[in-house]
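For reference, chains read A, B, C, D and E in written order, and residue numbers begin at 1 within each chain.
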Amino acid sequence: MPGPSPEAGSPSSSPRTTGTSISPRRVRRRGAVTVTEQPPSVTREGITIQSLSKVYDTADGGEVTALRNIDLQIQPGEFVSFLGPSGCGKSTLLHIIAGLLPQTAGTVDVFGTPAAPGRQDSAIMLQTPVLFPWRSVLDNILLPVEILGLDRTSATARAHELLELTHLTEFAQKNVWELSGGMRQRVSLARALVTDPALLLMDEPFSALDEFTRERLNIELARLHEELGRTTLFVTHNISEAVFLSDRVVCMRPRPGEVIDIIDVDLPRPRGAEHLASAAAIENESLVREAIAEYI
Amino acid sequence: MPGPSPEAGSPSSSPRTTGTSISPRRVRRRGAVTVTEQPPSVTREGITIQSLSKVYDTADGGEVTALRNIDLQIQPGEFVSFLGPSGCGKSTLLHIIAGLLPQTAGTVDVFGTPAAPGRQDSAIMLQTPVLFPWRSVLDNILLPVEILGLDRTSATARAHELLELTHLTEFAQKNVWELSGGMRQRVSLARALVTDPALLLMDEPFSALDEFTRERLNIELARLHEELGRTTLFVTHNISEAVFLSDRVVCMRPRPGEVIDIIDVDLPRPRGAEHLASAAAIENESLVREAIAEYI
Amino acid sequence: GSGGDGAGGDDGLTVMLSYKKSIYWLPMLIAEDQGYFEDEGVDVQFEETNGSGFVTQQLIAGNVPAGWAGAPDAAVAFSKDDNLRALMCNPPQNIFRIVVPDDSDIESVEDLEGKTLGIAEAGGGEEPIVNASLEAAGLQRDADVRILPIGDAGPASLNAILQGQVDAYAGSYPDISTLTADGRLQTRDITPEQYNAIPGDCLVTTADALEDDQVRDQLVGMARAWARGAVFAAENPEAATTIACRVVPQECEDMDFATTYVKDTIGLSGVADDADTPFGHVDDSAWQTTFEVLAESGAITTDPDAGTFAGGGIAEQFASDYWDFDIAATREEARSSDGN
Amino acid sequence: MSTSTAHKMPPTRKTTVTKAGRPARRGPWAKVWPPVLVIVVFLLLWELACRAGLVNEIIVPPPSDVAVSFVSMLDKAYFWEATWVTMAETIAGFLIGVVLAWAIGTALGMYDWAKTAFYPIVVGFQITPRVALAPLFLTWFGFGLTSKVVMAATICFFPVLLNVMVGMDTVDRNARTLMRSLGASRWEEYRKLVLPSSLPLIFAGIKNAITLALIGAIVAEFVGASRGMGVLIKSLNFQLDVAGGFAVIVALMIFGLILYWIVEYIDSKVVFWRSHS
Amino acid sequence: MSTSTAHKMPPTRKTTVTKAGRPARRGPWAKVWPPVLVIVVFLLLWELACRAGLVNEIIVPPPSDVAVSFVSMLDKAYFWEATWVTMAETIAGFLIGVVLAWAIGTALGMYDWAKTAFYPIVVGFQITPRVALAPLFLTWFGFGLTSKVVMAATICFFPVLLNVMVGMDTVDRNARTLMRSLGASRWEEYRKLVLPSSLPLIFAGIKNAITLALIGAIVAEFVGASRGMGVLIKSLNFQLDVAGGFAVIVALMIFGLILYWIVEYIDSKVVFWRSHS
């Protein structure tokens, strides 16, 4: 496959500098393509979504427009959150970017190729954690490793690190039906992270977690992001989480699913616990809240 | 069945006065039985949990203590939230109170009878929304009505009210696989509410919802609670939500699951949007946060 | 319900057949078609089965008053229950044959040593005769001669014979007529002479049933009508064929086959050659042979008395009771019939 | 084409990934012509093999002969009578077997004591070759249609029973918990949860059953009957009318397929949520 | 007892609700004695019916006679030879049928074009009564074991095929999406998701298959064989040794049950997650 090398999203090409620029930029662009400084030819490096629409045929013969005319340009290494009310098409968008759903119109290019499932350099964490009951927790985490044919020994070490990160070390050999809801979600998170993907698509990864675990994992995720420079698309309902983690927050509204606003977050990187409830963060949060509230 | 009449949890017998008492009480009791003013004989009216333990046998022959020595007294009409890290036994506790899991030791009395499943006067909303794909959204909501043999016409009217409340009116006749994750959760919520149960057990009912929908539903739930005086046990990871809704917040810690603290919330009732980010609420929230943080 | 305890009376008579309605039962087909049973005032209900075993079991169980069963099966049944009685046989001669292809160098059963003998069915009526023939020839089953069930007449058995998978074949005469009908195969009969007397299917009832005059009268009436059918067929085979093909059209897809089948059936009935002996009559000695054959082949382990079963005057008396009709009139009727 | 141009296709292009790998609907003919094609090719090869003498004609007649026999048979009253008999046996046996299996399977799946006590007996009964019990059947059910109906019913009983039981086993645990929390009686739980969610499996059992019922009826006719398509096949074979025998078999296939597709159609209509569970 | 006292039981009492309605484990005997009891009662009633003359001995012999025959048969070499033959046919047919059904079912379930083109043919083949094709089988596979093995294999083929296909249909959609997102090839998706999640159904098919294989072998022996338990039953029936015939049937049941329980045991070990899915 002539796909991009895994380094496509490496820190060197990361535009994180935008986020860490000292002068706070608060450009609000309504439902428009994010114009970047780079010429169009370079867009091959990131994710380019153009006039994307998705219409579901419903069982009663009708149609539901889940996404309408989405234009979006995501730089490699960027962390972008998607916020919006339930049913506004966030999961649908992530599925389309992952190549798991066909769009109705428009194009989606990921690292220079049209969206397609099974990219070695990407991983998606679905909204409901799908775990296989015939596999132990550890083996569930190692599933992508087996399928991508990666080295199992080093992957196992990595899986154990992730188990520790998600506080599941003692559950490595347990059956999945012995886990609580939040634990399952964490296993699913570990599975998405185990292959070190350059593109990470996460659909409400922390919704079943308590505030403290969530905060800890947020901090870890920020750290990992800054270390590894993965392009990350992150669906969440938690505004502070979105602000804390993201370079940009995409706000959406439902029926039809449209981008109503894109907020550039002006928190410096690297981010740590001290940014969690910082004045800057709270200011950003209220900006986001405002943007969304306008449409509700 | 010689169970209590549905009026057992009616506002007249509600001790909500405790919550609305003017002098703020902040009695912190560590892992202890909540001693109430009422003599023990009256405990038949509420929920009495005594020395409750739950040990799961694991598949590898070991044991997991999910709950240890829980003592709790919940007054009829009280709104109690359960907070605690993932895996601390919240779902287990709710299942036991609903009579869906056998305890290993201790007793649970609900309105004067030992916990048992299928009480007409109670409803549980599980952590994962279980919807039947062969039923439309509306018919899923009406399932409890059918099983309890209630009047379908008036129940349908009620179901439509709930659909409106959960912003799902236009989805009444849709198939469940056409819903987003958050929509499914809302259907599950509507189903739990449709029979107007005196005891409501809810396991993270709003985890998949955006902040605005969540807030709106929180306000609605508070209003309904104040109108109908249902005894409500509410699992959540959201501290502000817990504070806003509850008379008391039970904080738990994991492995083994134990009650570490019970916080009386001193927000006045009736509660509305104005209490959401009020100083009093924030003060209460930090109390809860403190209580939990101590154990993490 | 059971097979019906139609012990005569107003309910009519239930009689079991060991084989489906077919040209094999030609006299019965004709009697039915020509209304002979009504003439005799018997209301008979024939129950078709697929094997003599079914018939003898039901007889012993007392579920039916009478039935037609192959002579070997009937004899075995008698060895289990000496209450059974055989009254007449259709046909009264051996229906089982051992044959070899015309060009085979096998001349007799003795020559089968080291060869393979195909039979129609394991546990079928030909087996006792095969066993006894081998025994008489001093051959041991399996050790000296391989016995291979290849089915009754049909593509598989024809192919097996033509391909030389078996060197000889034992089956009933309809099997042989079928296999030879289209001329691809010509056969030579090597059945030892002494077994020709073994009868085909016999009308078996119980001593108890015979005590009941009403049942006995019905049986006599049935036998008379049956015998009239046999006489009719022997007199006018063409009309008999027409009648048979009307009753069982599926056996007349190939008219050559049907004609041969009818011809062989009439030939075995013995009516054409000898009008003095009642149709269906079997000698005591024939029964003696039957029992011996069965004892030799191991199917009978006790020592039943053939005389009690089929002799002792019962069969004689029965024969004289039904063979009293106007044979000439029946023949005349047959001659003038075109079968329609 | 170079990779670089491949990556720069005009923005109006649509990806053509199909949902869950299912092909787009292409009208009813798309489902009809492939099997027809396969069958036609198969028949052609068969015909050629016969003409070339590769296949022994005594055993396998050429399809053209079978077709001729088949057409001429359609005129015969005995053919339609046999068809009627066999179909009546099959359908009656099928209905009885399925209803019994459903009822008993449900009872065994619902009550553990019933399963413990009776399941081994049911299996034992299934294991017992029905053909060997033919004398019993004859005694109990007479010589007519009934014994064949019983044979057909008993042979199609077990697959349905087994699938009914497995279906009850594979019901989602959370859904069961929900029903228990609502205080649903066993019967309500069965009707509103277990039955619908095991319908795909039950239908698999039923589809098995319709084919087995036909086989059972034919076997019963082979073992002992005077009427029906089994008897017809036997007597045509007996006359070495091989083409005729095959023609009846073809007729059997056609009628069997019709019954099968009826069941399949009902399945697809009833379990409308299948691909979304 | 009045309700008021019932509500005031001492606090040490434990509720005895069982998990998901399953009974507590009571040792292996709890699974053994109920069927044994049922069988014993059944045999007693049967014996009594025979003694009282309600059932005729020539059709149904009393169990005591069958037991005597059975015991005396255990000494006979011919009995063991027949058993060996039939079991060999059954097991060989079973294995061939299951493996083929699995392979073909998987192919049909995986490739829609294969299903469209070949499924009607498979159903048509299943519908065709194998007994009617016996002449074909005998010609192609000879008069020995092989033709019986083929008969057993073809009759146990379809239930497995059908359950394999339904199993593939009922795989969780989200899980499929996950596998697709990982870029699993069809084969990997099959091996790591579809196969395990359809195992409960496949095993139901296999359990069907083992019983049908035995039936198929016996039917084939009835139609034309020189050795095996079917032949033994037939020749004992010819001798009107009904008790002997039943003894062989009992032996068949026992061997069949053993095979069945082996499959069931493997099922329970392999699909350890069954009650938790």
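Keep in mind that, in the parts below, a contact is a pair of C-beta atoms (placed from the backbone, for glycine too) under 8 Å apart; a residue touches a chain by one contact, two chains touch by 3 or more.
It should be emphasised that the depicted structure is a prediction, and the values quoted were computed from it without experimental measurement.
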Query = For chain B and chain C, what is the smallest step count along a path of chains that touch one another?
reply = 2
Ask   = From chain B, which chain is the farthest off, judged by mean CA positions?
value = C
Remark   = Leading the contact tally is the pair D-E
Inquiry  = Counting only Cα atoms for the centres, state how far chain A is from chain C in Å.
reply    = 87
Request  = Provide the C-alpha centroid distance between chain B and chain D, rounded to the nearest whole angstrom.
outcome  = 50
Task = Averaging only over C-alpha atoms, locate the centres of chain C and chain E and give their separation in whole Å.
result = 41
Note = Multi-chain contacts in chain C, i.e. residues touching at least two other chains, fall at 53, 57-58, 61, 63, 154-156, 159
Query = When you check chain A against every other chain, which residues touch at least two of them?
reply = 59, 99, 117, 128, 175
Inquiry  = Can you pull out the residues of chain E that are in contact with at least two other chains?
reply    = 56, 59, 135-136, 139, 172-173, 223, 237, 272, 276-277
Note = chain E partner, complex, touching residues on chain C are 53, 56-58, 60-63, 73, 76-77, 80-81, 121-123, 127, 147-151, 154-156, 159-160, 165, 299
Ask   = Can you list the residues on chain B that touch chain A in the complex?
value = 56, 58-60, 64, 83-87, 91, 127-128, 173-175, 178-183, 185-186, 204, 207-214, 237-239, 289, 292-293, 296
Inquiry  = Considering only the defined contacts, which chain D positions touch chain C in the complex?
reply    = 56, 58-59, 76-78, 82, 134-135, 138-140, 142-143, 223-226, 231-232, 235-242, 244-245
Key: Contact set on chain D toward chain E in their complex   = 20-23, 30-31, 34-35, 37-39, 42, 56, 59-60, 112-113, 116-121, 123-124, 126-133, 135-136, 139, 155, 158-159, 162-163, 165-166, 169-170, 172-173, 176-177, 180, 200-201, 203-204, 207-208, 211, 214-215, 218-219, 222-223, 230, 233, 237, 245, 248-249, 252-253, 256-257, 260, 274-277
Query = Across the complex, what residues on chain D touch chain B?
reply = 172, 174-175, 177-184, 188, 192-193, 196-197, 272-273, 276-277
